[in-house]
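Below, each structure is written out as C-alpha cells.
The two complexes that follow have subunit A in common; it is paired with subunit B in the first and with subunit C in the second.
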Partner chain A sequence: MNIQVDLTESNNVLEGFVRGEIDAHTAPVLREKLETYQSHQGLKAELDLSDVNYMDSTGLGVFVAFYKSVNANGGHVKLKGLSARLKRLFDITGLGDIMDIESVGKGGN
Partner chain B sequence: MRPFDYVEMRVPAKSQYVGVARLTISGLASRIGFSFDDIEDLKIASSEAVTNAVQHAYAEGEEGEVVIGCALYEDKIEIMVADHGQSFNFEETKAKVGPYHDQEEGAFLREGGLGLYLIETLMDEVKVHHQEGVTIFMTKHVEGEQVEKDVETVSS
Partner chain C sequence: MSQEIEFQYKEILKEYTKKQTEQNLYVGQNFSRQLILENIAPEEVISMHKAAIQELYGELPDVVWHSFDFLIEMMINYGLALQERQSLLKQQEELKVEMDLAANVQETLLKTKLPILEGLDIGLLSIPARKMNGDYIYFVSDHDGYAGVAVADVIGKGLPAALCMSMIKFGMDSLNSSHALPKDVLGVINRIVEKSVDDSMFVSMFYSNYDAKQARLTYGSAGHEPAILYRAKDKEFSELFAKGLLLGVSPVAVYEEHTVDLEKGDLVIMMTDGVTEGRNDEGFIEREVIYELIERKKKEPAQTIVQYVYDELERMQSAQFQDDFTLVIYKKV
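Entry: the complex of A and B
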C-alpha cells in the first residue's frame, strides 16, 4: 500500500511516473507533488500511470484538480499507459471524454 | 443455520486502514468466486465507503472507528460500512437501511461526491442508513449483469 511519484521538469515539460496504489492514504502525496508544477504557465505534462495497480475516486480527484489548474494556465495534461481497469474508471465518471488519456489495454470492460 | 458466513472488521478511522479493508474484502470475494474484474469493482466500492467513513470522522474531529461487516453467500456478498464505530446486528441494520435517494441524501452525496457515484455504478444494490452516523449497505452478485448494463449506459 504505497505510492511512488517521480516528476522531472525541464523547459516547462513535466514527465511523471506514478507507481503503486492511489487511495485516500496515498493521494495527498501525489497531490502535493503535482501542486508544485500546476501553476506554471503553459506546462506540458505527461504522466505515465502504467504501474498504477489501484486507484479510486481520491486519485481521480487529484488528477482532475491538476488538469483544471494546468488548463487554466494554458498548459496541457496527458495521462498515458493506463490499464483497461484504470481507463474504465475515467470512462464511467465521464472524465475520459474530457481529459487526454492514452490507454494501453484494448477493450476491457 | 444462517445462510451466510459473517466477517466483521473494526478499524481506526484513519486513511491507512482503507487499504487493509480493501485487501481483506478482496480476499473474501475471491473465496466466493467473483471474477477478477468484479473483485476490482468490489475493492473500489468498499474503499470508497470506508474512505467516506474515515473522512466523516476526520471532519468531526473524532478518533472513531469504522466497522465493516461482510455477509458471504454462495452467490453474492453484502457489505455494510458504518462510520460510527458501533457493531451492528447485521440483519437488523440491513432491514433498517432504505433505498438510496439522490434528493434526500443530497448533502451526503455532495460530501461524498464521486465516491458514492462509483459505489452505485460498481455495485448491484446500494442502500444508505442515516442515523447515528451513516451506514452504507451494498450488494454484489457473482456475475452481476446489472453492473455491465450500468456501465454501458453511463459511458455511452
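Entry: the complex of A and C
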C-alpha cells in the first residue's frame, strides 16, 4: 500500500497529482500535504486522480476537509480524472453534487 | 544501589577474571537482567565495575581509572534513554487500559434491540476490524408495528468516531418515534453532526422505517452505500438509491425518501462499505459476488444469510477485513 502526492503551486494555482491508494494508512500523507495550502486566500486547486486505483471513505474525508477549507477561504477545488469506481463514491455520498469533479472520458482530454 | 548488589557484582567479576568459562559468563548475563529489573542505570553499572576493580586489583595505571570516569560520562545519556523508554511503556499500558474502557463504553452505547415485527425476519451482524467500531447500527421500536433502523459509518476511526456515535444515538432518541420519517431523522442528525464535529469527520447513514401492517419500507440515505432489494418474484437484485449528502458537510442539506412495498420472500440488505469494499489478492470483491452469496441462502432465516455472507467474505479475504463490517437483512416472511 503506497501513495505518491506531487503538489506544485505558483500564483495561487495549485496543481496536484495523486497516485496509488488512498486509504486509512495513506490518507494522513495526503492530508498533511494538502493542509499546507488550504488556508491560502482564493486558492485555485486542481487535483488529478487518474492514477488513484483505490480510495475509501477516509480518503474521501481528506478531500472534503480540503474542499471545505478552500471554499471557506474563497477558493475553488477541482478533482479530475476520476475512475468509474471513484466517481461512484462521489455520487453515492452526494459530494458529486457540491464539488467540482470530472471523471475520465469527459471534458478536458 | 544496595551494597548487596555491589558485593554480588564484585564476586561474579572476580570469578570471571579468574576463569573465563561459559558458566561464569552466564552467571553475569543473568545478573545483568536483574540489574535492569532493579532499574539500575548503565553509568551506575560502570561505577560499580570501577569500584570492584579498585577493590580487587588496587594498583592499576591512572589511565585505566580515567577511562572509567570517561565511560561513565558517556553512559549518562544511555541511562536517560532507558528511563524514557520505561516511562513510554508505562504510558502505553495506561493508554491500552483507557482504550479498553472506551471500547466497553462503546459496547454499551452500541447495544440495540432487534424489533419484533409481524411478518419480518431480521438478521444482523456488526464486527469491528479493530478495537473500536466505526460502524453504528441502531433500532427504534415502539412495539406498534413500526420500526426504524439506522445504519451508519463514521468516517474517521478510533475514539473520535466512537464519540460521534453518541451524537447519532441521542439525535435518534430525541426524536423518540418509530414513525419518524427518514428525511426528518437525517435532517436532524445532520444539523447535530455539522455543528459538533471537525472538518474531516463525517457520517454516512442509511435510515429506513418499516411499517409491518403494509409491509412498506420508507428509506432515505445520507451519502451511504445504497441498500439492496432482492425481489423473490423476479429473482433480481436492485439498488435502493436515495439522494442525500453525507451528514456533517452542509447544514442546509436536504434528504430524499422513497418507499418500497415488500412481498413474501423479498429481502432488503442494508450494509456499510466494509461489506462491499472487500479486497483480496486478485482485486476487489464485486457486488455481484455478494448478490450470489445471498441468492444461495435466500431460503434460510435472515440471520443465517448474514452469517454466511460474513463467513464467505472472510474466507475470500483470508480472514482479514480492512474495515468494520455491518450487515442487516430484512426478510419478508
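One rule holds in what follows: the second predicted complex is superposed on the first by the 104 of 109 C-alpha atoms of A that agree within 3 Å, B and C clash if a C-alpha of one lies under 4 Å from a C-alpha of the other, contacts with A are read in each partner's own complex, and residues count from 1 in each chain.
Here, a residue touches a chain if its C-beta (ideal position, glycine included) is under 8 Å from a C-beta of that chain, and two chains touch if they have at least 3 such contacts.
Keep in mind the model is a prediction, meaning the values are calculated, not measured.
Peer 1: Touching A:Lys68, do we find subunit B (first), subunit C (second), both, or neither?
Peer 2: second
Peer 1: So in the superposed three-chain picture, is A:Asp23 touching just subunit B, just subunit C, both, or none of them (first/second/both/neither)?
Peer 2: A:Asp23 sits against subunit B and subunit C alike.
Peer 1: Of the partners subunit B and subunit C, which touch A:Arg88 in the superposed model: first, second, both, neither?
Peer 2: first
Peer 1: Applying the document's definition of touch, where does A:Leu7 land relative to subunit B and subunit C: first, second, both, or neither?
Peer 2: neither
Peer 1: First (subunit B), second (subunit C), both or neither: which does A:Asp56 touch?
Peer 2: After superposition on chain A, A:Asp56 lies in contact with both partners, subunit B and subunit C.
Peer 1: Using the superposition on chain A as set up above, list the residues of subunit A that contact both subunit B and subunit C.
Peer 2: Common to the two interfaces on subunit A: residues 23-24, 54, 56-58, 60-61, 85, 92-94.
Peer 1: Quick one: in the complex, what on subunit C touches subunit A?
Peer 2: Contact set of subunit C toward subunit A: 153, 155-157, 198-202, 204, 222-226, 243-246, 249-250, 253, 273, 277, 279, 284, 322-323.
Peer 1: Could you pull out which subunit A residues touch subunit C in their complex?
Peer 2: Those in contact with subunit C are residues 23-24, 31, 54, 56-58, 60-62, 64-65, 68-69, 85, 92-95, 97-98.
Peer 1: Which positions of subunit A touch subunit B when the two form their complex?
Peer 2: Listed in rising order, the residues are 1, 21, 23-25, 54, 56-58, 60-61, 85, 88-89, 91-94, 96, 109.
Peer 1: Within the complex, which stretch of subunit B touches subunit A?
Peer 2: 15-16, 18-20, 22-23, 37, 40, 43-44, 47-48, 51, 54-55, 113-115, 117-118, 121, 148, 151, 154-155
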